[in-house]
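Consider the two complexes below, in which chain A is the common component and chain B and chain C are the respective partners.
And now, the complex of A and B:
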């Protein structure tokens, strides 16, 4: 079911000055429940502006953002409640850790929601489990954690509010491969456990191919493509043309097809390619 | 003689209580002039510290044992003067992760000129170096632009041009592609390759992207402050278990071909890049 609708949204920075920059131009997309939606686009394509609109940090200059069918700017004074329902994890969220201990930090959001202490504790532990953070870490200072652990603690802080929509801007930036996998696996666990609508912004086509069901491609402030993985990645030449490229595995499949090997073009991950190629090699014996 | 010669290097930071925290342990390494080396390791493995020591961005001799020699200069010596450090930074330049932190001027060519100006070079020489550097990174047409209006990849290429204008022998890239979009990454990696192949620069790149590492001639894996693997990309990524133990991963296409081999499918040939993998699969399937 549709959770968020972005209807004909536009936004201009420094409007009315010589430095006017169009960030979003008539953007219309739909974000579904129980679905991981990826947003991809080159630097300056409007991704971050769009992401900040989902929870009302940036207000569209025209168009509407509908959450469960209601315009979030209908009553501007109650925009605060939207921020509990739509959780936003910004880039490098570990820079926003500030409490003395990890547990206080993760509790900060739920506490502000006015939940009772037992419920807060329950949610904090649940969030730690989802992101794979050891309970031993809870009593430590956030600054004693490693980079990857800090990142997970910061994400847990947003998950502990149990948002119906979880938005993450480049959640794995700067992490090593093991760290990346653990962040994405945590996000996937949250999506599966809560049925929330999850939105991920990333530059990695490989991560997008592996984790996302739906994809939005932004280019020069407009929606260039919107659809499921297959619909988007099958337009590989256009993706290359806007400077984004395709997953490495898809590139390999395209090369194989160029060589006359009959393999489905709709292959994006290692597992999918392994199955398809093993079949071509006669079941792998 | 090696261009970079590191012998039994031990390095530690001091934690909050003042106790030493070991980062590099008994590390020895030789890098020849003109090599293209990728350094891999999980967050906290010590790889960034190593890179920063080569340029003396970390200058704490207290926690420093062993020796680092660059182009015959003993940079680990406590007798290094400020002038010596400047001399070193002319030989070894460094490009960092965040392009926005590396740009100082409001016009591209002035930014690139910043280094050579500080060397006190004559005007014509500075002009020539700036033009050459912008040409090498493919940014000549942007010379009069404002850097803050450029894309991440373009800004990073301006930062590289600023280093090239110093005419170093060696350029270290410390996760210089981590914040870039796919196009920006491609631009920067192509520039690295070009600097190595065409201008003979020694390139050391620290990265978390395995598909970038396979493009180097040599891959070094650091874990817990030690070098645990050192060889050609194909030799390194053949050790899948060891790579995963260090919190790293294989390039996706290599991973795929190794899984197929484990199923008993015979695939002979190189498996580093998507192109090589396609070649190897096609040869086996179509024979």
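And now, the complex of A and C:
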């Protein structure tokens, strides 16, 4: 079922001045429940503007954003409630930590929702478990944590609001591979535990291939491709023309096929490749 | 993000934009002084025409210029009204006498003069300085104009560098503020409703991360400057050397013609004088 529908949305920055920049041009996409949707595109392709529209931080200049079939801007006064239902983790969220302790910072969102203290505590602990943050970190100052821990604490702060839709803008930017995996695993755990619709923005094809079911490719403010993983990656030529390419492992599989090895072309992760190769050549893993 | 009218530089690429910024600073000061020289109807008309000419030469849309006037509209009207009521002229100039309120024709003249003077001063400075000169050009020019003060051991270069850095980081910090506000709004922070103290409190989640990142940035910038061997102004050369060209000479000549026009009108034009 579709959770969020973006209908013919356009947006222009600094309209009517010499600094005018088109950010989104007639964008129409659909985000499904129980699904992880990836949004890929280059810097300046309009990704960040689009994600800020899902929870009403940016109002489209034309077009509509439908959440459960209702236009979120129908009653602009109640946009606050949309922000609790659609949780947004912005880029480099660790720069938004401000409280004295980690637990207070993660509680900021739930507190604003007006929940009672027991419920807040429960949600905070749950969120920490999802992102893999040790409970003994909770009483520390957020500024004493490491970069990766800060990032996880900031993501937990949004997860603790238990949004129906979780939107993350470049959640793993600037982290090492171990940090990346731990962030993405946490997001996956949240999606599985709550059945929420999750939207991840990234420009790493490998991460997208590993975690996303659906993909939206943005190029020059427009939707270049939209569909499930298989549909999008099967158009590798077009992806390369946009300058994005396919995951490295998919490239390798294609090269193998060029050499005459009969391996399925729909392989997007190392694990899948491993299984397929084991099946082809026999032998265990 | 451009909603904050700080640094209203408007790139229309006119002749005015290409003038030497040092000269523009001087011309702006001279223009202000000249607006105080005017003392009769004819010289004020010339002053007003010159302001219009400045707008036309710099090719800034009228709408943009009027926006900067709107901010000082109140002061203009307030001082003009005060002048209408408070100017005491000779008895034959009395127009209306109504209880303690007496309005003289000289009062009306003065009110109009002062309104025009404020109007032209704002137009003049904003055309010469803010609309057609980038903040970086301004500090660069200021550094050179104030460089004689180095004799008195005033660290002119260091002040200019501080100003350049401050100006450079205004947009960055504005952007950062917007980002942090968005992030906290996404977590349900509300900056627009509630009592004043509640709203002030709501800014804490914005100010703390903002200060932390400002300090972090300052540290990083200092390191980056040290790595590039920055060691203050002594012996430092410039990438963009300011040059006085024929264009600037024409600017000076036009200003000189304008000043002589004002002075001549002040002396020879008939009618009421301030």
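The criterion applied here is as follows: the second predicted complex is superposed on the first by the 282 of 285 C-alpha atoms of A that agree within 3 Å, B and C clash if a C-alpha of one lies under 4 Å from a C-alpha of the other, contacts with A are read in each partner's own complex, and residues count from 1 in each chain.
Going forward, contacts are C-beta pairs under 8 Å (C-beta built on N, C-alpha and C of every residue); 3 or more make two chains touch, one makes a residue touch a chain.
The shown structure was predicted, so the numbers you read here are calculated from the model rather than taken from an experiment.
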item: Joint occupancy of chain A by chain B and chain C, clash or fit; value: fit
item: Touching partner for A:18 - first (chain B), second (chain C), both, neither; value: second
item: Partner chain(s) touched by A:148 [first = chain B, second = chain C, both, neither]; value: first
item: Touched partner set for A:195, first chain B, second chain C, both or neither; value: neither
item: First (chain B), second (chain C), both or neither touched by A:178; value: first
item: Partner touching more residues of chain A, whether chain B or chain C; value: B
item: Contacts of A:117 with chain B and chain C, given as first, second, both or neither; value: neither
item: Contacts of A:244 with chain B and chain C, given as first, second, both or neither; value: first
item: Apex chain A: angle to the C-alpha centres of chain B and chain C, given in degrees as a multiple of 10; value: 70
item: Touched partner set for A:206, first chain B, second chain C, both or neither; value: first
item: Shortest span in Å between Cα atoms of chain B and of chain C, once chain A is used as the common reference; value: 5
item: Common ground on chain A, meaning residues reached by chain C in one complex and by chain B in the other; value: none
item: Chain B contact footprint on chain A (complex, rising order); value: 41-44, 146-148, 173-181, 203, 205-206, 243-245, 247-249, 251-252, 255-256, 259-261, 270, 273-274, 277-278, 280-281, 284-285
item: Interfacial residue positions of chain C with respect to chain A in the complex; value: 1-2, 10-12, 176, 179-180, 182-190, 204-205, 208-209, 212-213
item: Chain A-facing residues of chain B, complex; value: 41-44, 97, 151-153, 175, 178-186, 208, 210-211, 247-249, 251-253, 255-256, 259-260, 263-265, 274-275, 277-278, 281-282, 284-286
item: Residue ranges of chain A in contact with chain C within the complex; value: 13-14, 17-19, 52, 55, 57, 80, 83-84, 87-91, 93, 95-98, 108-109, 112-113, 143, 157-158, 161
